[in-house]
Every structure is written in C-alpha cells, then in structure tokens.
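Presented sequentially are two complexes of chain A, the first with chain B as partner and the second with chain C.
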Partner chain A sequence: MEFVFDWFRTLYQETGINLPFLYDEYDRNRMIGGFLTTIWLSLVCLFFSVIIGVIGAWLQGSSFKWTRRIVNGYIQLFRNTPPLVQLYFFYFAIGTLLPRVENDWGGQSPILGSFAWAAISLSFFAGAFNVEIFRSGIEAVPKSTVEAAEALGFSKLQIYRDITLPLAFRVVLPALNNNLVNLVKTTTLAYAIAVPEMLYEANQIWSDNVNVTEMMIFLLLAYFALVGVLVSGMNRWERAMKIPGYG
Partner chain B sequence: MNLKTLATTLVVSALSVTAASADILDTIKERGKLIVGTKADYKPYGFLDTDGNIIGIEPDLAKDVADKLGVEVEFVPVVSSNRMQFLEQGKIDLMIATMTDKPDRREIVLIPDPNYYSSGTNVLALKSLGLKEWEDLRGKPVCGIQGAFYNKATSQTYGAEIVAFKGTAEAYSALQGGNCAAFVYDDSAIVAKAAEPEWADYEMPLQTIDDAPWGLAVALGEDNFAELMSEMIIDWHKSGRILELETKWGVTNTPFAQAMHEKYK
Partner chain C sequence: MNWTPADPMVSLKDVHKSFGELKVLNGVSLDVMKGDVICIIGPSGSGKSTLIRCVNALNDIQKGSILVEGQEVNDPNLDKLELRKKVGMVFQQYNLFPHKTALQNVMMAPVRVLKQDKAKAEETARALIRKVRLEGKENAYPGELSGGQQQRVAIARSLAMQPDVILFDEVTAALDPETVGEVLQTIKDLAEDGMTCILVTHEMAFAREVADHIYFTDRGVIVEHGPPETFFKNAQDPRTKEFLSQIL
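Moving on, here comes the complex of A and B:
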C-alpha cells in the first residue's frame, strides 16, 4: 500500500494534482471515516424510511378518520418543507428542548447528537414520500383480490401483510428506487449540522489544503459509485421479484 | 508573472509619487478633521453604542491620534472586505480595523511598525468544565467554524473531535445546547462574547495559540504619517495605553500587549 501513497505524493509534487486523502494518513482517516458515516447514515435512513412508508400506507387505509388525518398531516408537513430546514429544526429547535444527560466530560449534553437527528429527520423526510409511493402500489392491487382474501376469512392485517403488500411491492419498486437514490444523495445535507459524512470531511480537507477542484471531482465520482451500487442492487431485487404474467 | 510584478511596482511607485507630493498630514490639518475607518461590529474593538456612535478600543486609539494632531475625529465603519479599498480610495486617512498583518496586505497599504495588537486562537468553554490546557480537549467534541485553519491543528495536535458549523451563530447555539465541550475561535471575538451577560457561565480558559499580529494602516506613500503612527504605537506600548484600554473595555490583558509594554518600557 505504501508505494501507492508515495505515488500520489509524487503526483502532487510533479503535477500539482493534490489528493491528500491518499498520501496523508490524517486526511486519509478523515476521508475513510466520512465514507463509512455516509454509508451508515444511508443504510439507517433507507431502513427506517421504508418502514415508515409501509406502516404509513397501512394506517392511511385505516377506517378511523383521525388516523388517516394524522398520517396525511405528517405527509404534508414533511413533503412540503425543505429537508435542510427540517434538519435545522430538529437539531436546533427540538434538540435543545429535550432533557439533557450527564456526559463523560463532565458537562450536560442533549440526549440525541447530530447523527441521530440526521437519521431521524432524513428518515421522516424520505418516509413521507414512501407512504405515497406505497399507497400508489396498494391502490394498484385489484379490489377483487382483496375481496377474495376477505371471503377466505383473512383479517385486515393478514390481507395487508400477505396479499396487498407483496403485490404492491412489485409495482412500487421503480418509484421506491428513485426515492431511495434521492435519499442517499440528501444525506450530504447532514454536514450542515456537523455530521462527519463525506461532504463534511471533504470540506475540511479542501479548507486545509486549498484543493477544491480535486475534492469536488473526487466527491462527484464517489457519490456516483455509491449510488450506482444501490441502484444495481435495487434492479437485481426488481428482477428477482418479477412474477411472469403479472405487471 | 514577472511582467505583472513589474507593472504593479510601476503603478505603486507612480501612486506613491503623486500621493507623497500632497502630504496627507497637511490635508488633515487643513480640514481640521481626521477620518478613521474602524469596525462597527467587533465588540469591544469597534462597535456601536445605543446612540449609534462608534466606540471601543480602536476608536479610542484613533482619538489619541486626532488629539496629537490637534484635530477632530470622524469614524467611518468598515468591514474586512472593504477596509483596504477605502484607504486606497482616500475615503479614510487611517485604518484601525482589527486587521491581521500579512505580507500581501503590506503591498496594498502601508502598515507602520511595530504592531499595535495581536490575536490568536482560543476556546470558549463552560467555567464548570475547568479546562486548564489544550490537552484537556483530547477526545472531547469541540465546535468550530467550517474552513477555519486551526481546526486541523486542534484535532491533530490536541486530539479534539472538531464539530464544525457553517457560521458562528450555529456554533454558539450548539455550544449552549451542550453539543460540544468548547468552541475554538479567534480569541479577540471570544473575549467579547464571554463579556456578555448571557455568557456569564463561560470563560476563555486556555493559553492563546497561533498568535498573529494586527496592523493599523495608512495609504501607500504616506511616509510622514506612517512615521508619526510608528511613534504613536511605540508610545501606546510604552505608556501602557493599550493595557489601560483593554481594562477599560473589559478585556483581560493579552500576553502580546503585556510583552510589548515590557519591551518598550
């Protein structure tokens, strides 16, 4: 590995192309940390936003008026406000209202840190879209199928879990794919509340080394690769779930 | 590059020739008024009182200059991005505006020696944490400003975990919210913040690092005025005027001001 690092150091000295995260150990660790934080934040948000979508879409079909109203209110609130504003709101407005806990350096700190707030805020943001996406899939399931299940004595939850949702999943995958790709890209906003993800670390590195151009190019390629992996995974899933003759 | 430098030198020398022929000291005395550019948003170095007058340490220094010349003083508020231009354009005669003395700035304006003040990096932290030295920050989250050059040093040398925000307002808010143990920033700004009543529980506990001197400036070519200012600055240090003003405006005496006082005493 060492000769690769040296090669990039020589590249900088010879050509002025400065990639310090490849030859400088400190910057390298920062960049790796940023990369892992981005992946971890993305996975957490992907998971919870899909869960929120599935549960929200189910509650939307509830026979209680107020359940439907609350879900719709949540969707309107989170879909119609910018994600950056939501992040600031959670971190600076809600975060300071919550009780504090004793921390290990003898002070008082909020229960939730910047990473937790980023995960919560972005999950709710993407979740609001996911609810609508799942609703579109549920509405695409023929009414006769649901009626057939009812006739066989399935309960409401059973119908949703075993009949409607699996069929709906196939319909919504392309739209869900879109939204999840967007979610991964939106994790960059978390740098505003100092979550040490890739954009944040790149920003620190280019401030110290004044190599803005190189870092911008690297960031673009890094996200291109990261989202590419997600998209190919989703496409594979889409193919695997295909039922011949259905949709 | 060489041509550019040559051209700059020619322009600069041409400017200094024309400027030197009409000495600004004569103009000031004729006008009966010294026009000084100071900050109006940098408490306590230059800020506005409730009546909208510019007051602070630097306006007080400017008054000393006006008294010496036997004229009135007028303040023009400047910001970092226009202070040198105002001087070049002749809108102000003298600039005392928390400017860090740098070689490239010395090519644009005339900065008389010695430096009158200095500031560096320090932290703002809760008194109850009882920080004593920079090493105490190891492993603790420390707020900072994105792009500040001392973030890397603070984390690399002292092992602090930098939590950097876009602006000072967010960083101060995060510090108050308990998201970080301290806020690393310019010591001169921290001094002012710690003096505010709502920050009474906070202090600036560490020894300032990365000290960089401040320079006051006159327009290029005003050698007589610069010479007069050099004498004034030495006099300020000698008489302990800077220390006195720091005390007057609620700033703990800085090591730089103390050292300069010792040197010229």
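Moving on, here comes the complex of A and C:
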C-alpha cells in the first residue's frame, strides 16, 4: 500500500494533480468515513422507504375514507415539494421544536442529529414515490387471483402478504429500482445539514487542499461506480425474481 | 335450528341479486343434498356464475336466504372463514397463484388458513396431486403447465381444504378440446367419491352422465329442473327446448 501512497504523493509533487486522500492518512479516513456514511444512509433510507411504500399502499386500500385521504395527502406533499426544502423543514422546523438533551460536555444538543433527520426526511421522500409504485403493482394483480385466495378462506392481510404483494412486487421491481437509485443520488442533499457523507467530506478536503477539480472528478466517478454496482445488483435481483412461465 | 346431514347441504330460498340497476337473480330457490351433483345450465348472461358465487359469498345478495349446512350466508355478521372452509370453488380461468409451484399452490391454504403442520400439509398435497394424476409436476409453476393441468391443480388446491361442497364455474370452458376430458374425468372421480358438487357447465353429455339433477336458468330464474333423463327427454318449457336444440 505504501507504494501506492508514495506514487500519488509523487504524482502531486511532479504534476500538481492532488489526491490527498490517496497519500494522507487524515484525508483518507475522512473520505472513507464519508463513503461509509453515504452507504449507511442509503441503506437506512432504502429500507424505510420500502416499508413506507408497502404500508402506505396497504392503507390506500383501506375502507376508511380518512385513512386513504391522509395517505394521499402525504404522497402529494412529498412528491410536490423539493426534497431539499423537506430536509430543511425536518431539520430546522421540526428539529428545533423537539426538546433538547444534555450532552457529554454539559451543553444542550438536539435529540436527533443531522444523520437521523436526513434518514427520516429522505425515507419519507422516497417512500411517497414507493407508495404510488406499489399501488400501481397492486392494481396489476388480477382480481380473479385475489378472489381465488378469498374463496380459500385467506384473510385480507394474508392475501396482501402472500398473494398481492409478491406479485405486485415483481411487476414494479424496475420502477422501484429506478426510484431507489434516485434515492441514493439524493442522499447528497444531506450535505446541506452537514451530514458527513461523501460530498460533505470531499468538500472538507478541497477546502483544506484547494483541489476542487480533482475532488469533483473523483466524486463523479465514485458515485458513478457506486450507483453502477447498485444497478447491476438490482438487475440480477430482477432476474432472480422472475417466475418461470410468467410475465 | 341445528343442521343434520338429512337436511339440504346447500339451500337457496328466493334469492335476489342485482348489480346496481341490473337484476341478475330474480328469486332462485334450490336445494342440494349431501353427495348430490347438480348441474346448472343456461344461456350466457343468465346469472349462472353469479348464482354460485353467492353461495360462497364472493357476491352478496339483496334478498332471500342461502344456507350452507345451516349457516346463513346472507348475514352482515357472516363468518366468512367458517363458510369458506365448507365451500370450495374452482374457476373457469384456474386462478392459480402464479408465483407458487403446483405443490405450494395446493399446500398454501391448509398451512395459512387451517394452520396445518407443514409436513402434514405437504403429504396431503402430494397425495392430492397424485389423485388428479399430476405426479411429477409438483415443482412446476402454473406458467409451465397446460390449461388442463393447471385446472387439475386448482381442483387439488380446493380439495386440500377438505370442503363439504365444491362449486365449479365452467371449469372446462377455457380448455382445448383435447384437455377437457382429463378435467371432466377428475370431476367424475370426485362425484363417485361422494363429493357434493355444484357445477355450471356447457358440457351437456357430461351433465347427463354425472348429474343427479339439472337446473336450467334464464334471465335470473330457474325455468325448469329435473333429473337428467326426464330433463333432456321431456323438457316442457319452450325456452328450455330452444336452448337444448341449439346446444345439442
């Protein structure tokens, strides 16, 4: 490894192309930390946004008018406002309304930090789209298949869990994956509330080293690789979920 | 009033059903005894499907009474689960669960609904798949089976719930002529085993052979009914005569 580090150090000295996180331990740890934070934030949001999508789509089929209205209101609100404004709303409006707790240094700090607010805000943002995606999938499940399950004595919840959802899921997988890829890209917004994710850490590094160009190129390629891995994983998953002789 | 096997297993009295303005059933009454096989025939749109779908509460009715082993179906507090444990149904389009194998299709309801032990349910399911002559197709998905094979899986799926009566809604209508026979044979086997069956069918030769009683419906009423010999030879009503002359 030292050999690689030295090579990049020499590269900087000889050509002025400065990638400090490849030879300087402090910057390297910042970059790795940023990368891991991006991955972790993405995973948390992927998980909760899919949960929100599944539950929201179930509630949309509710026989209570007000349940459906609340779900629709939520979808409209989160689809029709910019995600950055949503993030600020959660962090600055709701975050400051919550009580504060005493921290280790005797000061006051908010109950939820910026990472938690980013996770909540982005999960709701992507979740709103996921509800719509799952609903379209549910509508694509033939009524007759559901009736067959009803005739066998399945309860509403059993039908949703065992029949409707697995079938809807396969139908919507491409759209869902699309939304999840978007979600990963949208995690960069967390930069705005100082979540130490990849963009934020890159910014720290270029502030210290005045190497904006190199960092920008690196960031672009890093996200390209990250999303590329995600997309190929999802494509593989789509193929694995295919039912023989169906669709 | 407690139901005994001497009472009709399924008893319809003056059943009325409409979809909005459209009156589909106009006072239908019929009784089915345990072990009976009855066939319902009639022109398209006469309400045959609606009639049998009312028996397991897939459709609700506006007026009248449907008793299944003494349980009133036309009741806002109906225990649907209890009803559907007693009444099985096989559909024209098979309606198998496409993401489950044949074996899983048959096992699923006993495990989920009857809370049967998985190993026991699987054993029963394998036996049923043998019974409908599909040994070796246990792990095939519905999309990999022919129409006739799918329909036989659907019959096995219904049997796995050990119903007391099975409703068949034109179960051969979507099949190729070559595969109709295998499905009819399966139903015939069931009838010989003493299963109570309510069939809607266009297969007159089959109805004549297996039915204990034939009902002819038109525009939401039962026009004429009787045992197959008298029904097919001595139809009285002009509507029945006309229908039979077209179809035979």
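To be clear about the criterion, the second predicted complex is superposed on the first by the 247 of 247 C-alpha atoms of A that agree within 3 Å, B and C clash if a C-alpha of one lies under 4 Å from a C-alpha of the other, contacts with A are read in each partner's own complex, and residues count from 1 in each chain.
Operating definition for what follows: a residue touches a chain if its C-beta (ideal position, glycine included) is under 8 Å from a C-beta of that chain, and two chains touch if they have at least 3 such contacts.
Note that this is a predicted model, so its numbers are computed, not measured.
Q: Considering only the touch criterion stated at the top, classify A:144 as touching first (chain B), second (chain C), both, or neither.
A: second
Q: Which partner chains sit in contact with A:162 here, chain B, chain C, both or neither? Use first/second/both/neither.
A: Touch status of A:162: second partner only.
Q: Quick one: is A:244 in contact with chain B, with chain C, with both, or with neither? Answer first, second, both or neither.
A: In the superposition, A:244 touches chain C alone.
Q: Using the touch definition from the top, say if A:92 reaches chain B (first), chain C (second), both or neither.
A: The answer is first: A:92 touches chain B but not chain C.
Q: Between chain B (first) and chain C (second), which does A:40 come into contact with in this model arrangement: first, second, both, or neither?
A: neither
Q: I'd like to know which partner A:114 touches here: chain B for first, chain C for second, both or neither.
A: Only chain B; A:114 stays clear of chain C.
Q: For A:200, decide between first (touching chain B), second (touching chain C), both and neither.
A: first
Q: For A:208, using the defined touch cut-off, is the partner it touches chain B, chain C, both, or neither? Pick first, second, both or neither.
A: A:208 contacts chain B only, not chain C.
Q: Which chain A residues contact chain B in one complex and chain C in the other?
A: On chain A, the chain B and chain C contacts do not overlap at all.
Q: Give the list of chain C residues in touch with chain A in this complex.
A: 56, 58, 80-81, 84-85, 87-89, 91, 93, 95-99, 108-109, 112-114, 141-145, 154, 157-158, 161
Q: If you look only at chain B, which of its residues touch chain A in the complex?
A: Spelled out, the residues of chain B in touch with chain A are 126, 128-130, 139-140, 143, 146-149, 151-152, 156, 162-166, 170, 173-174, 176-179, 181.
Q: Mind listing the chain A positions that touch chain B in their complex?
A: By the definition above, chain A touches chain B via 26, 92, 95-96, 100, 103, 105-110, 113-114, 192-194, 200, 203-204, 207-208.
Q: Applying the document's contact rule, which stretches of chain A touch chain C when the two form their complex?
A: 142, 144-145, 147-155, 158, 162-163, 166-167, 170, 243-246
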